[in-house]
């Protein structure tokens, strides 16, 4: 059997995307997860591709988000062909709704930036919003419409990435925990797992909020902390809304089959994934304010996930400054779904020694939060 | 094989209790359900044995409820012995909580009646309630404590009745729908089902809110309509309360394993069993008022059931006035769990030709809502 | 509100397809189900569109099956557009596998007929089969390849039909049981349901194996009996086979996401839907013979459904000979998924007074199993 | 708040039992689990208390098993009182069945030892077995009956231990992963977890097959490896058997409510918890041989768990030879349920500085598999 070229640690949407893009280029990868692929945050996400909805200034995240969003239409076709899975790409636009004067001002600011940046964005009055979405509350003050902010079904996306990788030859090893990295002579040479040692010249750490111990072993200070998000879903025969509705601490994402996902709370710094009654209550109150008729919809279920957050809100994307072949792609917070194709592509480029000049990744460097001195002998001090 | 003595139509808690009590006396019964045993209201009930909590006057229901409640301790032992199932009988009392002056007056009235009737009941001040249940809101005005109003796990009770009947020789036929009654010469002689004809000298209609078409076929006007009740449950490691807490439109029933059941809404006249977001919202708000710390508990799940209600709130219990051997035991509304043992015992008495003189069943007659004239030839007009 | 034009009784794939095709033509329909839409056989089907695999002679079923199969590609696009649901249409062909000399002879006979009928079908040697599907057992004797016998995801199809109908204006009323038909002056005028009376000039009975009591009320003798089919599914990261594999008493249908459905047993004349251990055992043994490596796949789950079978194996499709406006579309046995689009189209044609001359429906007449004499006064005798 | 006395790492049945026994003595403990309490092997166990069924010689395991078995009756009462949970203790005996001459010889050997050891055990002929259990196959050669080898419901036991501990004041922290031990000056002083540092003078490692990295950190060589066991369950209204039936690679454990658990396969050295089709097939074939009528029972579900096995088959029970206050209680293989009360009691004794002289624990020492030299400064080399 051909030896392994790369080990990907973490089977969330980021790791799975990397496995897919690398496999598509003929790189022999193994994708490891300590539980099942897609069993954590990726499975809990609402799947908004909200590249524009909240960004008010130019910067690396804006570029990366836009670049990644453009990859979805082709990706959707490719993954369907390879796996039969439809990722549910839905391009019916996003309404960022204003509930107060302050909201109107904030949204206007975002709108101005988006237009200056050359992106589509449009202000709708309450009446225009209700013409488009008749069920929305007449208490709203208006909304910004972003036609291009589409959405996908997050669990399907993650699953399709992993399946497509498998079809293309990747090995997927679930219930396999990485205990430590093999590091020698300035290179990574593999990993030690609960199922034995795997040797490879490239190792990609993509374990989201669980990346900590391997990063520490590699001498990196990349603090990633969990931010729990609780969601619930309701069902109706005909959809209650067509667009994604986005407001303070609450968004409504219409899915296929009459499902409407309501998200999401934010609770930082704990790995506790329990959905609380209070969390549901807060979302319920907020969603009723936006869409009064939601109270008549059928309850489906509640769930939660842990978003991997960083100190500056940007993911860590890059090669280790000392240990060659060791890459990090983690800390995507609530943008993991949106950024997954671009992240996968970038890591696959690295693996092939290519660099995409169009995208500056300097802001994402893995050593940006430390002042590491690498002594001779190469041991991080 | 010994021929069937009796056919019981409906495998809810009432039909299952009847099957158990009849089987225990050596009567050969078959218990039919169009779906699975215990798949409807009995499985959704919170299981309160609230014989005293709401009754303010003497009457047939009060007597029946008290008589049935006293059967539970022995029943619990017997069912455990036969089936291994623990029905979760818990005797930690019920607090009927006053939230307003009007509540205080109402509860005082119930309290007075209970004492006159010789039953235990006691007023506790807010401080006394909080001494007993420290997590309860300090906004309450006090509560009536009823030590004897215990509770059971409703799904386990229904399942244990049916299993115990099976162990004692009853046949249980699920997915078997009764199409019509066989009636001839003033007697019931069996039923026609989706799986064929079953002949028996006794047929007991115990199908709750689905009893209508057979009752109609028998010429009876016993209107039973569905009243949907929605519930949800939360979990905590240590129980939030010890007692059952009972108030306006909301009760909190502590179950084994740190589960707390919150019930129940009331929506009449539809068979739609969907749990609505609005129903959950109402219960959530009411439960927070009683027990503020409930918001920190873990969400478990939501469900609903259809209580079989009658025009006067009393079940139909009795033999058909014309067709001998045809019995009705249906329409127990939200007292089915509480009344199930006594109902089972009464029907088993009838089957043996016995009459318990201590309990007057006149108020429960099946022909109380009509003025039926039975002509010669015996056809109900 | 616009009055109802048509009532469709039964929310399986047939009723849902009818609701969709009628709604698409602007007909105002209400779709009724006593439980939930798609909760019975349609949800249990493996979704093969096996129009050719077993048919050895020309006849009405062959024509109808081929005509229906051609509707799927466009249908798939339309339903995705309306509901976002992907019905999983997969066109990777079907292999009908020979395990013995007798099989070879039987399959050759089918093959000859298919070729004579001008349809694609091809014999593959064991080596050719294994070239196409390397995991298949080397014990097989060869197989007939039918490229056009594709498949869909049955639950998604049924759900998409119903949702699309709702989007197009149909009312969907679940938990609504039809008690009786309203028949007067040679016409159907509506139905009496558990939720009240609904008046309409057209009523379509599409309740599969539960159609009996309404058919009886209408004076028809259309015996439809249940045939339970048990299935299970397994999972793997990369698909074990690409084609549908079809043999004696066992078929393997590869689904998206690495799922492989193994079906199906046949147990006649009972409504019992329980999956038995013996049923699973039989399928397990048969599937191992076809695909030895299946033992390493991950167990997912088992389920069952009740196929509605008729005496001559053909569905009942037609208008009542006496009661105008009363249509029957039931008894599709294991061809309900395949025949659903054509059935929906045909019923919608009838509702509009059109007749598709290309398809003869005489063999499907609802009164073919009786010799009904309609007396003056028009009461079926 | 009172400071923590002891940290228990791992919320399986062993850790939960320790938490219960320590809490019952007023020791302030915190019980940690990286997922949920009881989410692994303890939840998958069939719950046999088979102290005698397989043991053929005197030794430490025999003594410990018998001592632990005697604790269950009182434990059952205590846990019910504290938590309302019934652990399903069922004392209907165990039949170890012989299928061949070799089996007869083996069982006779066990029987002889049991009698010599003064324990009850009895040989039954095939006819006697079938008199007791009429459904058992007539192909069997006889069986050893052990009246005292009872059983419990494993998930309920684990849950009841943890709940009872919580009621008695223990803190239960789920989703909390222990990253490392705090060791200083010859003592354990606490743990570093994913949720922060917890200081305590006693730390008990009870993480079953996941204990490895902490043991390694403590300088211990206590190899514990996973052995996957797959099971399934079937349902019937009346129980198919009363006794536990035990044979080669297959046991049948009757549970309350007509459930029969069939276990268990053994697959060593992988953390993969997937249930394979082949695993089910093997159990199915073996169970059919013992109990032919099982094929008619209803399929319920399949599951698996990872038993923590050691090189000599004995658990590690003891204090660390160097780091005072650090205890290990792990590696109970398939005897965790049976040994849990005695293990909990022993660790609670240690925590109080008591030693039960009746039980020799020398065979269970944590340093029995190494020849550790503790250098000056006490760092394990």
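By written order: A, B, C and D. Residues from 1 in each chain.
FYI, contacts are C-beta pairs under 8 Å (C-beta built on N, C-alpha and C of every residue); 3 or more make two chains touch, one makes a residue touch a chain.
Listed by chain with UniProt protein names: A, B, C, D = glycine oxidase.
All of these numbers come straight from a predicted model, not from anything done at the bench.
Compared on C-beta pairs in contact, C-D and B-C come out with C-D as the pair having more. Ranked by how far their CA centres sit from the centre of chain D, the chains are topped by C. Between the Cα centres of chain B and chain C there is a gap of 40 Å. Per-chain CA centroids place chain C at a distance of 49 Å from chain D. Taken residue by residue, chain B touches two or more other chains at 274, whereas all remaining positions touch fewer.
For chain B in complex with chain C, the residues that touch the partner chain are 174-177, 179, 194-195, 213, 270-274.
Contact residues on chain D toward chain B in their complex (touch as defined above): 80, 83-86, 88, 90, 159-160, 162-163, 166-167, 172, 237-239, 255-258. Those residues of chain A whose C-beta lies close enough to touch chain B in the complex are 234, 274-281, 284-285, 287-288, 294-299, 301-302.
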